[in-house]
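Note that chain A is present in both complexes that follow, paired respectively with chain B and with chain C.
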Partner chain A sequence: MSEERLSIIKVRDILMVTMPADPDDATVSALQERVLLAMERSTARGVVLDVSAVDSLDSFFARMIAETTRMVGLMGGRTVLTGIRPSVAITLTQLGLTLGKTRTALSVDRAFEILRDGSQQVQKP
Partner chain B sequence: MTKSTEANTLERPSAANQAGAVLQTTAEHFRMLVDNMKDYAIIILDTSGRVASWNPGSETILGYRSSEIIGQHFSRFFPSEEVQRGKPEMELKVATAEGRSEDEGWRMKKDGSRFWSNQVITALRDQGGTLCGFGKVMRDLTERKRAEEKATLQAREIIEISTPVIQIWDGILMAPLVGTLDSERTQQLMERLLERIVETDSAVALLDVTGVPTIDTRTAQHLAETTTAVRLLGAQAVLTGVRPAIAQTLAHLGVDLGNITTRSTLAAGLRVALNLLNLQMVSGNGSGRKDAQ
Partner chain C sequence: MNDSLPEEIALRTETDIIVVRKSVREAATRLGFGITDVTRIITAASELARNVFLYAGSGVVRCRVLNGSDRVGLELIVEDHGPGIVDIDQAMQPGYTSGGGLGFGLPGAKRLMDEMEIESVVGKGTKITIKKWRKGT
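Moving on to the complex of A and B:
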């Protein structure tokens, strides 16, 4: 049941993943499997993970995000995390959970831009 | 009393006379002290809390003449909300049980205005231990209270003023830091900065430490935390105003600022910010820029 609360939509070649407001551990675990599965099926170029509804993010969730980012990377895609609230950012920082090298964006719009312009950005000086 | 002492000790009249005189002068001195004390209201209450004696200081502080207040209950010095809470009875109860009761709070003058008062109530007991009444000493500390309130308010204002977050360009925020950065200030700065980043949808935040005299390990860590939090939101922080002295300290402290872009001047930082925005906002054909606006 909790898995259904997680929404994964494919927009062109990008997977748009939206986390529910108060995700339990089962939902967080489902995130990784479903995202990787969707990556395989759809040959998407990247993942936008929107956590704007989430008002508390624990260490398990943080580790799962960092892990999933790495796994998506191994499958040839990029992950952009978006919608972290200021209060959540402060808590994460204080707990030392910096989400590794996960790319972040201020808004879904920008996240899409980052993924779309990814190749062009590399070519710039 | 003096007379009976004289009669019983005829052999040593001079000593007795002297003692009596001393007693009398002491009592007189005390009366003079009470009468001349203008800064303290010294009031005697009977056991039920009615005013039995009233010194000129009381008149100065509370505004009642002794003729109009003697026999009245002392609860009229309390604001109505305190009376409802049973404060006057409470004071007498504590003084009866423990011998004294001290308190600070707003009290009422005759004209209805309030003053901040420090008061001590002492239970007056005779030698047998029977309660005869209460002595109440009040002081008007309104000015001190106001000064304290003002100081607290100013301290809060200074903290707020000292951590402004300014939008200096579309998508660029700047936080000029002035003075010593302690944990409280850095925490406040972090909260403000993050909120403003979300509000203004700014991709770059310049933290300018030109006005910060010295940086220690903790401050450096706070700054590193702030930049991490900024990154989590999807924006980037640039530390500017790193003067030679600050650069030396940071290098010696061995604080890891590896992920943070730093520049020596605000101008250089602004250039970095503009570059970052160009990379993000102007796509290959320039349509990205138009979309953003």
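Moving on to the complex of A and C:
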């Protein structure tokens, strides 16, 4: 139902994924499959996951994000998380959660830069 | 101030967790909690509500304003008639899970709130009470 509010668009060779403000579990679960399918279809090389609309991240949501990052990694892509609000950062840390190896960036622009720079480093040698 | 607080929110499906989060946000915001405390309370409520859904199937969340002599707070009681928690100390250990989670829900909720009390009887159910007091009044 509210699953439709999860938006995935391709910007050049990067998938821009935007989470809705208060996603239900079905939307959060759908995140993994939809992102991975979009990766495959569009041969994107990275994912920017924007959670700036999200005002609370619980342990379930955090686990899904960390898992999605690992899965995208298995497919050869990188994920950069962006838009974590100060209150969410404080709460997540107090909860004792980490987001695994997920890279984070302060803004969508920075997230794109990280993905761009990262691929240059890989291609150079 | 508390007349429009929802008395009881039934937890039967996953989507009820969202209803809990929404109601708790409204209640905490109306009580004048700052954004970080509102987020802490919502997150703790979300963890406990999800546990009910996962381990007990169904339950209920009750929201209450605490009017102390010199302070104001919010109390949430999350109750179910599920299997109960066999070893509460173990369940409170960060990283302990029986259900393939991360095991951060209960200990995390305790850290996010000011007070947390667990009453659980095996075979009868679990009742968890959490409280947060408003700072800087």
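Everything below uses one rule, namely that the second predicted complex is superposed on the first by the 120 of 125 C-alpha atoms of A that agree within 3 Å, B and C clash if a C-alpha of one lies under 4 Å from a C-alpha of the other, contacts with A are read in each partner's own complex, and residues count from 1 in each chain.
Quick note on the criterion: a contact is a pair of C-beta atoms (placed from the backbone, for glycine too) under 8 Å apart; a residue touches a chain by one contact, two chains touch by 3 or more.
This one's a predicted model, so the numbers in the text were calculated from it and none came from an experiment.
Bringing the complexes onto one copy of chain A puts chain B beside chain C with no clash.
When the two complexes are overlaid on their common chain A, residue A:Ser7 makes contact with neither chain B nor chain C. By the touch criterion defined above, A:Thr82 lies against chain B but remains apart from chain C after alignment on the C-alpha atoms of chain A. Residue contacts after overlaying the shared chain place A:Asp117 against chain B, while chain C stays out of touching range.
Figure note: vertex chain A, arms to chain B and chain C, all at CA centres after fitting on chain A; angle 40 degrees, rounded to a multiple of 10. Of the two partner chains, chain C is the only one touched by A:Asp58; chain B is not. Of the two partner chains, chain C is the only one touched by A:Ala26; chain B is not. In the superposition on chain A, no contact is made by A:Thr43 with either chain B or chain C. Touch criterion met: A:Thr104 reaches chain B, while chain C stays clear of it. Our summary of the superposed model lists a minimum C-alpha distance of 8 Å between chain B and chain C. Across the superposed pair, chain B and chain C both touch chain A at residues 85-86, 88, 90, 94.
By the touch criterion given at the top, residues 190-191, 194-195, 197-198, 201-203, 225-226, 228-235, 279-280, 283-284, 288 of chain B touch chain A in their complex. In the complex of the two chains, the chain A residues touching chain C come out as 22, 24-26, 55-60, 62-63, 85-88, 90-91, 94-97. By the touch rule above, chain C contacts chain A in their complex via residues 14-15, 17-18, 21-22, 25, 35-36, 38-40, 42-43, 46-47, 50, 94, 101-102, 104-105, 107-108, 111-112. On the side of chain A, the complex with chain B involves touching residues 81-82, 84-86, 88-90, 92-94, 98-99, 104-107, 110-111, 113-114, 116-117, 120-121, 124.
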